[in-house]
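In the two assemblies presented below, chain A is common to both, partnered first by chain B and then by chain C.
Here is the complex of A and B:
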């Protein structure tokens, strides 16, 4: 092959990029088992003390985790309805300005989340009396909506709408058509959009750091606060658990919905 | 119920939520800032070398990170698009995997590696290549490394989509007509993948311009980019006018880039005759 060494060059770059991507994560996993407070590599021995420290230490990681899950699940659950309805309104009907409406629904993607966070902070401080959870929740509700709308639209875009008519002509009422035909066929888009939206909320920092209150702090902010005070391997232990959670999610997704959804 | 009303009702929840919690606050705070201080905060930004330097740092870091991500991401995506081996699946998982891991965790990995007592310094001191630890963490270098780590997956996934849609037979045709690999790349593959390159670069550049976690954790307190400066103005200087100016200027920069790219790519697509691969 004449293009043999071009392919070889690409292969070498690809492998180096893979090493570059994985290295910091592997390092975190390895050092999480260090017995000493100062990180040395390779670790001198093996210990699970930093894992125990996640639960017993000063980091309050568990309350952070609960808060992150609360906000993420609630915002995703509501946005799945709001976003899927919005996507249906764009794809199911013919009217002028469909593209304008789609751009409107995905507009939070184009706004730097730090700018939106600052704006919400100012509005909240004028209104007053809003709890930390509500403040963060409203921010997340808005910034994750585009992911659900976009992924659902990308499925509905190629949807065969005559299937709805067929179901109706076979005697299904509109509600049956919606739940037994439309929703099952749109499911890949809804599920992938929902997963992306939840992960975005779970990892979100800009909004959470400006809007959280001392009584309501999400997990990423807990980790960042801990970093500023103590730089011990507890951070590696909690990070390892988060990396493992991501790995499990990716394996489950590969098995049940496929990984193609990320490649759009 | 007629179809028009159905469409309206379905669009209503999302439209209202965005209007009340997003559009109105964004517009209201902009007008409030201007009503209270006039345009002085915006004028200050563009006349104060301190702020202009932050804008330039943000643009510089984003340009370098985008360029390196493209240079490394393109061959990677090309290899993944063309290979038939099982490595492709592994690579897709490796690309998606850090994609799902929080930016905080990924920055922490680089802190462990690049710190003064970090693993890279331990290694270099150990083999005697350096006698004093290098200062890598809390520098622009660390921010750029962390940023590239964050951006490459987006770049590769974006390019992979376009490169997979280019028929390999087009390349074989070029070879059989006597083109060498370089010519084939420059005259066939590269032009066909330009729409993907532009859209991936814009995405990645925008993400870098607006990123907050990576510059905060890897750049340290003295390294300032636009997003970290917003938070500093709020929490350290208590200057909300300046925070507003930086926020809206960052937003304006992003919107202008999007607008230019949308306009110029639609022109480009027209010239290319429609453009199926967009």
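Here is the complex of A and C:
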């Protein structure tokens, strides 16, 4: 009897949580198809005009998207490289100050990004001549690194290092061991870290708003600027597209990385 | 296909000495069994030979060549890991083919050799499975196949059969032995099972606390362990304390145990002065129940009887201060207090001098 009650309670809570998580998304999606400029719920009719507005309107969203992708992809690519080597050197060797080094690598996670942006601005003005994309890029490069290091380290913590020995005893040189054993096995951490890092960069607002220059504006800043002037369902349309993109990324990640494969 | 020599190998982890002054020469094509309790340094020794970790002192020679700084992938030493170390992201086929692919063999040959060895370890048809989709014993055989398939010149097997049922274990022993002899691979096999050790190996090494206690033929180790410790480890059950008697007569010498005189072979007691305190040791299956009194026959009473399948192991008290454990090869009902006569065969008694 008691089990039954507990079970029911669990179910109710689970359903409430689901509603809580999904409802806002559903509202955004529904609103994006509304024909009127004033956001109403439930919508009257169906229209794609706000989607068209993304591409033709005053928001310059497409240039923002391109900029965001440039910064996000480039910063993630470089950080995957740096982060994986960092994580490997932290995990492979036992040395004093191992944890200090790990914390050093992940410290940007704990510093408020506004404070961080402020420091960067100081540095830029000291050095001078840093313009356009570089300003935002350097900031992102630093703040997303922790996600890659953390995720890779969490996989490597439970890594069976004997596997590297096994490969070596079968004739694999260190480079072959690295690419045939270490990297494939660390892949779930690297990929999930990389995706998290990219997504963080992609919708980062605080840092970017301070470091952007008129010549280089990322998508979230474009959206924010647009919102300050006009409040119409264009934003809902953009959000819907972004939700769709995230879904696709999650599905692809599941398909190609097969995270469950390593959960033994 | 190569001799292996370990000269004065010592391995320390911090203050702890895992292997101490280890000396061993393994002949070309010889098979050595390494026996010893848990934590005595067996795996550590193998890891040094394979080159995963460097000895703190001493050197290792393969085919007369000092290994020193030669990295593991250039040593051609195959190793079966105690925890299998199968690649979780590769199928059975890919695991086994891993070494062959690195040797850049033609595809057809790789496929042929992999399927040959999988047949041999009775895993045919499981090529496409991932290690996590296999039972423990199947995983163990994949690891064995992977170690054997590359035909290394030296093969190190760290408890390769521990997870198999009795029948499969015997079959695998036969296969290991056959491949090992056929290709004349110099082999060291670690095992906790002393019957496996004596049935597979040309020579057996018993280790304790990082040191070699005895090296000998399977027969010597199994029947003539050179210390009480090894006797205990090799499955001797009965240990009786006594005092060494005088001169040999008819190749026998007397030992007084709890007031009774037990004869032992002069050979077993060689070099032990009369009056020394000694321990006699023997196996359960070497003692027999008899009907009549005679030489080395002692009387006691039954305390317990444990049926073991083909033998019954008895506990008999009252013969000596110590309890003895003869085995009978038929089923015997427990009758506590029943008087029994037990014969201790002269040439089956090992004699160890006790330290003062």
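The rule is simple: the second predicted complex is superposed on the first by the 248 of 264 C-alpha atoms of A that agree within 3 Å, B and C clash if a C-alpha of one lies under 4 Å from a C-alpha of the other, contacts with A are read in each partner's own complex, and residues count from 1 in each chain.
Criterion: a residue touches a chain if its C-beta (ideal position, glycine included) is under 8 Å from a C-beta of that chain, and two chains touch if they have at least 3 such contacts.
None of these values were measured; they are calculated from a predicted model.
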Touching partner for A:75 - first (chain B), second (chain C), both, neither: neither
Chain B versus chain C as contact partner of A:190, first or second or both or neither: neither
Chain A: partner with more touched residues, chain B or chain C: B
First, second, both or neither for A:102, with chain B first and chain C second: neither
Partner chain in contact with A:237 - chain B first, chain C second, else both or neither: neither
Contacts of A:205 with chain B and chain C, given as first, second, both or neither: first
Partner chain in contact with A:91 - chain B first, chain C second, else both or neither: neither
Residues on chain A lying within both footprints (that of chain B and that of chain C): 262, 264
Touching residues on chain C, where the partner in the complex is chain A: 47, 50-52, 71-73, 75-79, 81, 83, 85-89, 98-99, 102-103, 130, 132, 146, 150
Residues of chain A that touch chain B when the two form their complex: 2-3, 5-7, 9-11, 13-14, 16-18, 20-25, 27-28, 31, 38-41, 81-83, 85-86, 88-90, 92-93, 95, 101, 104-105, 107-108, 110-116, 118-123, 138, 141-142, 145, 149, 199, 202-203, 205-206, 209-210, 220, 223-224, 227, 231, 235-236, 239, 242-243, 246-247, 249-250, 254, 259, 262-264
Residue numbers on chain B that touch chain A, as the complex places them: 3-4, 6-8, 10-15, 17-18, 21-23, 25-26, 28-29, 32, 72-73, 75-76, 78-80, 82-83, 91-106, 108-113, 117-119, 122-123, 149, 152-153, 156-157, 160-161, 171, 175, 180-181, 184-185, 209-210, 212-213, 216-217, 226-227, 230-231, 234, 240, 243-244, 247-248, 250-251, 254-255, 258
Chain A to chain C touching residues, read off their complex: 160, 162-163, 165-174, 176-177, 180-181, 184-185, 261-262, 264
